[in-house]
Amino acid sequence: MNTPVLNSGDTAWMLISTALVIFMIPGLAMFYGGLTRSKNILGTMMHSFIAMGVILLQWVAFGYSLAFTDGGSWVGGFDAIFLRGIGPDSLHGSIPTFVFIAFQGAFACITPALISGAIAERVRFRSYVLFILLWSTFVYDPVCHWVWQNHGFLFKQGVIDFAGGIVVHLTSGISALIACLLLGRRADLDKGIIPHNVVFVVLGTGILWFGWFGFNAGSALASNGLASLALLNTFVGPAAGLCTWITLEKLILKKPSTLGAATGAIAGLATVTPAAGSVMPVEAMLLAALTTVVCYFFVSHKSRLNVDDSLDAFGVHGIAGILGPIGCGLFASYGYNSIFHHQSMSALNGTSQLLLQIKAVAVVAVYSAVVTAILVLALRKFTGFRVSREQEEQGLDLSLHGERAYN
Amino acid sequence: MNTPVLNSGDTAWMLISTALVIFMIPGLAMFYGGLTRSKNILGTMMHSFIAMGVILLQWVAFGYSLAFTDGGSWVGGFDAIFLRGIGPDSLHGSIPTFVFIAFQGAFACITPALISGAIAERVRFRSYVLFILLWSTFVYDPVCHWVWQNHGFLFKQGVIDFAGGIVVHLTSGISALIACLLLGRRADLDKGIIPHNVVFVVLGTGILWFGWFGFNAGSALASNGLASLALLNTFVGPAAGLCTWITLEKLILKKPSTLGAATGAIAGLATVTPAAGSVMPVEAMLLAALTTVVCYFFVSHKSRLNVDDSLDAFGVHGIAGILGPIGCGLFASYGYNSIFHHQSMSALNGTSQLLLQIKAVAVVAVYSAVVTAILVLALRKFTGFRVSREQEEQGLDLSLHGERAYN
Amino acid sequence: MNTPVLNSGDTAWMLISTALVIFMIPGLAMFYGGLTRSKNILGTMMHSFIAMGVILLQWVAFGYSLAFTDGGSWVGGFDAIFLRGIGPDSLHGSIPTFVFIAFQGAFACITPALISGAIAERVRFRSYVLFILLWSTFVYDPVCHWVWQNHGFLFKQGVIDFAGGIVVHLTSGISALIACLLLGRRADLDKGIIPHNVVFVVLGTGILWFGWFGFNAGSALASNGLASLALLNTFVGPAAGLCTWITLEKLILKKPSTLGAATGAIAGLATVTPAAGSVMPVEAMLLAALTTVVCYFFVSHKSRLNVDDSLDAFGVHGIAGILGPIGCGLFASYGYNSIFHHQSMSALNGTSQLLLQIKAVAVVAVYSAVVTAILVLALRKFTGFRVSREQEEQGLDLSLHGERAYN
Amino acid sequence: MKKIEAIIRPHMLDAVRKALGDRISGMSITEIKGFGRQRGHSEVYRGNEYRIDFVPKIRMDIICKDGDVDALIQILMDSARTGKVGDGKIFVYDVAQAVRVRTGERGADVI
Amino acid sequence: MKKIEAIIRPHMLDAVRKALGDRISGMSITEIKGFGRQRGHSEVYRGNEYRIDFVPKIRMDIICKDGDVDALIQILMDSARTGKVGDGKIFVYDVAQAVRVRTGERGADVI
Amino acid sequence: MKKIEAIIRPHMLDAVRKALGDRISGMSITEIKGFGRQRGHSEVYRGNEYRIDFVPKIRMDIICKDGDVDALIQILMDSARTGKVGDGKIFVYDVAQAVRVRTGERGADVI
């Protein structure tokens, strides 16, 4: 990966992987949008789409620089603000730096959008936009640096996070939990809020799954056996999650549901993300199945908790973001990791890796929680974060955006 | 294809082709789902999605091994169960074995899902899942071995089936016909059942078409002129099918319809599948147009038959699965086939190829029909295959899955 | 680009780019379809889909030959009608000619489909089909030759149109304006016609954006740094457009809308198209933002004009098709263009390039307008172009196509 | 004139319309949701159960001459009945006046 | 008080509402499907023809004072008429009581 | 027998149904659009503003015995009122006859 020669096959794979990851945004918009009530679908879709707007501008302006230039152990520097110094001939390994920037930029966009699921149907648009901008700057960019940049302190310790279990799912899942705890429940929660269009949820799942191949297999940053393994794991993991969830439904409720299949697939996808390049397909299936069991029981009992994680951002991504990276450590063994992971860590053994993974999860979880809490409280105080009761009743589409989805 | 060196361009193309084929599943779910009544859309989408779950697990467990390990002329062996012995460095030609497994696994998932169109809106979910598992094991995996594995008896005889006219469309189309014959008509058929959302059908068609580029051009297993030809044929074939169908509608009914355009495109796609790498674009157009004419007349007269092929799985895929491979033989000529096909068969001439194609179609059709009949009858007897009259009335979404699509 | 050796990485990227561009058609169908009233959605989607049928057949028959064979400065010849003389081994630069034909064919299909947005909800299907066939032959194919074929007079002068600001957006946008001027307003315009499904519009935007990566970055015809730059610009341009549009809405109307976000993204995409390979990301953002401002003010004041550009084909594509290519010239500078553009033009400087861009825009705009006017007037006279008042009232879906979208 | 308002099961609509045949020259139907002795159902989303009390029904409005009421009710009952709870109800109201928009005709000739 | 129930063509709604202007202070509309002299249409899906008997209509409910009925009917007829079969019908009923939820007022003042 | 027709705000449906509790054994609801003193809203699509006059409402039809009318109206008013314009109206009509399809029973026992 260090010889500075462009490989057209690797580049082709990274170009399309980038497009695939970006396509996850409309997928997420459909997934989340279908889960809300019809009066809030546009507002909810907007939460995903706007990330593709403002976060990307932030990424080009300074986010990429903070995350991926050398800097120190904690955060990058300002060498690449506005991408200065980078041209079409610049290379990152065997691929142009521009495609690396775009690929990582797509990750930066989708991560905060995941959070929106926990606070759907009740937040002000303006505050949400400010929140994701600040969150990207103070949570995503640094954590990304810790884990994926070779000066990052977790990277240097050898933490495994192939495609973003920690960087993406853990950060967004934990922040989702904190945000919905602090912002409170939706007014009509007790009346029973059910998804207004499950077809959109299933379509969204299909798009997400499709895009996730770019997300995970693209994280190999090359078109090779590692990418192929990651791709296969991104196929078997969600398949296992899907089957697990509907088996549980069949056993417990007698009725396996389509929404359950979709949710299980997403849980499997999120779980397999950090492990995609580090475990073999059979292990990926096991890991996804076990995590899905935990997600199932959490999500189906959440009404007992006093939390309104509207669309289960924590229940799915958060839990997968905890168990996925830890499971990676669990399945880590001399043989596998020496093949798949940083060549320099050939002596890595299972137990120490497991402890490192747990440590990384804990550090990132606490950090994300604290920063998110500060941001949410500050925004709640200064700009107001929730819409008024009346706006909530009328629906965000009309009250905030002046439009309705269906006419 | 035999030098064991990884080609990053070929690999890139196979990675994305795999993702494209998998994306066909949500496309099929939308396509089929839009054709049903709103009370059955989720159950119908589930028929596609669940295939991506259970069949893939079967594929990893033993399906891939049955289909693609050497074994004998009739079926592969158990050498690769749970993918044992395969690692990220294993190669299949110039691409990693893992991506080959994933690519072929996606085919294995979509094929049984096609059958569901013939028995939509009336079958028990449990029985359906058992059926596709058994069908994959006893029909798909062996036929795949016959035609595509180099020990398979039809492969050895030189049958042309570039991307699965026989392996995919013929097996599923014939089985669809048998299954709907044995399971009987929907209760409300005489009242007139019309598609509840044609937009979803059109969107599904778009997604299917898009995915089909991976399906057909990916079947070159490389990124080269053959793949480019297959891609172009996957563009012109459905274009011809589309134009043919709406021209017939215009002539016969005065009104060319959107659903007709979608159906013609799918007929063209299915037809061109076996031929994609073996005929030139102009021939692909001709073949697609002619087959579409047959599909049109079959489908528009099906009410006279006593069959309820709900979503025309046989009427489209079955007919294309018969005429496509035979058409390949018809268009086969010394010149073309020596360029496009197995290099070893340079002396192949049109007539003998045509006879071989007909033979292969006949053998596979009979085999699929017999095994499907046995499976359906056995399941009908032991687990029950149709839902009760009341469940059918209430709709599968609510009665089997405990949910409704639209709220 | 002239050594006749196949590069598998470049080919892989062009294969998938082609598929991506084709996928824009269903994206456009959803985008436009959601903007119409529910009684016209299928007819509107059909306008996009049918282009994928008839234009592609025209392309294979003679369109490709007219556009891309040598011929003269004004139009190509008939050397490649029915693609004769081209085989799977033919190369165009480092990629098979077949994939080049398919890639360019997808452009040929989508361009006339863009026009349909201006005349939605009121034209006869038959006349529309004739119109796009003639328009492709007399506008698209020649202009494509002028700008992109190395014998074309604008190409020879060194005009920059990386991925089709002039060839695609300007031609279709101007023609859209002329067509809707000549065909008149919809009957119910004054009653207020609002989009019937904004979710479809947003989904369509997502699909379009996704496909546009193939459109723009595929226009590099290779998998390299230039493609990576184009990809990144296709990410930052629409992000800037999106943010600009909703910022204007926020300032002027107080309510940033989802439809506005979608429209801004499309404006950004269209703007960045000609510039994708010629400007750096920061300039791409600027160019997209400025153009979006103009689109916004045009579109939001269009009710004052006596034009019924139903879905803003001119307001978005036309304006971007004028400002994008001119902006390219504006941002053109010795440094950038010598890196990015035809190597032979290293001495190009900003001012002369700007004048050339303006000239090219003017020539193509006038040519497109005149030919479109002739075609529309002729068709109006000989076949009738608008549906009857009654058909317009009943909706195109039922009156022309004999079907309804939702049942 | 009377108005017959029949609330029936959606899937009986076809049968009822056929049974009425030429006995009526027009009717209007509305999709409604009913609440009554027939219990609704429960749906489960992500493991959480929701009770749905309202059941989809069709309301059929037929304006007819006074003398036709009984015969029509009989036909409606015969064709809409399944014998299970939820078959629906028929309500009858007086109509004070009827007008045909197209012609301006008034009274019982209109229907 | 009387209730005027006007069944009209959907695309005439706008014109009718404009014509009624300030003559009424409120109304309610329902999307219904009608069956009558106006024939439905046929649709074709994959070459198979289906007859659709029911035509989309709008039902407009206006509660008004007894004395306003005739004037309103006239306005409705004038603005909703196209002269072709299917223009719709107007039915009038007696209203026994009217209450405004917000204030509890009763009787003709409510409307 | 009387028919109570209550036009209420959609999001009050739940509360109203709870308040009615066992006082009624059935009802039918229809989604309608209302026009009245409550002003609609405006929507903006691509910078162009559109006025939407009609407001979504729920119409609740309850057939009840003559003697229950006042009590039910009181419950409806209490549970559906927010005090702001647009709370809706209640109209009462006479019912000439009621029939239960399933059993053929007639009269007030049906409801």
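We just call them A, B, C, D, E and F in the order they show up, numbering each chain from 1.
Criterion: contacts are C-beta pairs under 8 Å (C-beta built on N, C-alpha and C of every residue); 3 or more make two chains touch, one makes a residue touch a chain.
Here the structure is a predicted model, which means the values were calculated and not measured.
Enquirer: Could you run down the chains that neighbour chain A and chain F together?
Expert: A chain counts here if it touches both chain A and chain F, which gives C, D.
Enquirer: Applying the document's contact definition, name the chain pair with more C-beta pairs in contact, C-E or D-E.
Expert: The comparison resolves to D-E.
Enquirer: Using mean CA coordinates as chain centres, what's the chain B-chain E distance in Å?
Expert: The computed centroid separation for chain B versus chain E comes out at 51 Å.
Enquirer: How many angstrom lie between the CA centroids of chain E and chain F, rounded to a whole number?
Expert: Comparing mean C-alpha positions, chain F is 18 Å from chain E.
Enquirer: How many Å are there between the centre of chain B and the centre of chain C, using C-alpha atoms for each centre?
Expert: From the centre of chain B to the centre of chain C is 33 Å.
Enquirer: Counting only residues that touch at least 2 other chains, which ones in chain D make the list?
Expert: 30, 43-45, 93-94 - these are the residues of chain D that touch more than one other chain.
Enquirer: Touching at least two other chains at once: which residues of chain C meet that condition?
Expert: 7-10, 12-13, 16, 194-195, 223, 253, 255, 257, 259, 402-404, in rising order.
Enquirer: For this entry, which pairs of chains touch?
Expert: Chain-chain contacts present: A-B, A-C, A-D, A-F, B-C, B-D, B-E, C-E, C-F, D-E, D-F, E-F.
Enquirer: Across the complex, what residues on chain D touch chain E?
Expert: 3, 17, 25-30, 63, 93-102, 104, 110-111
Enquirer: Any idea which chain F residues touch chain A in the complex?
Expert: Residue list for chain F touching chain A: 11, 14, 41-45.
Enquirer: Can you list the chain B residues touching chain C in their complex?
Expert: Residues 7-10, 12-13, 16, 20, 194-199, 202-203, 205-207, 209-210, 213-214, 217, 222-229, 231-232, 235-236, 239-240, 242-243, 246, 253-259, 261-262, 265, 280-282, 285, 339-340 of chain B touch chain C in their complex.
Enquirer: In the complex formed with chain F, which residues of chain D make contact?
Expert: Contacts found on chain D: 2, 6-8, 30-37, 53-54, 57, 59, 69, 73, 76-77, 80-94.
Enquirer: For the complex, give me every residue of chain A touching chain F.
Expert: It comes out as residues 188, 191, 393, 398, 402-404.
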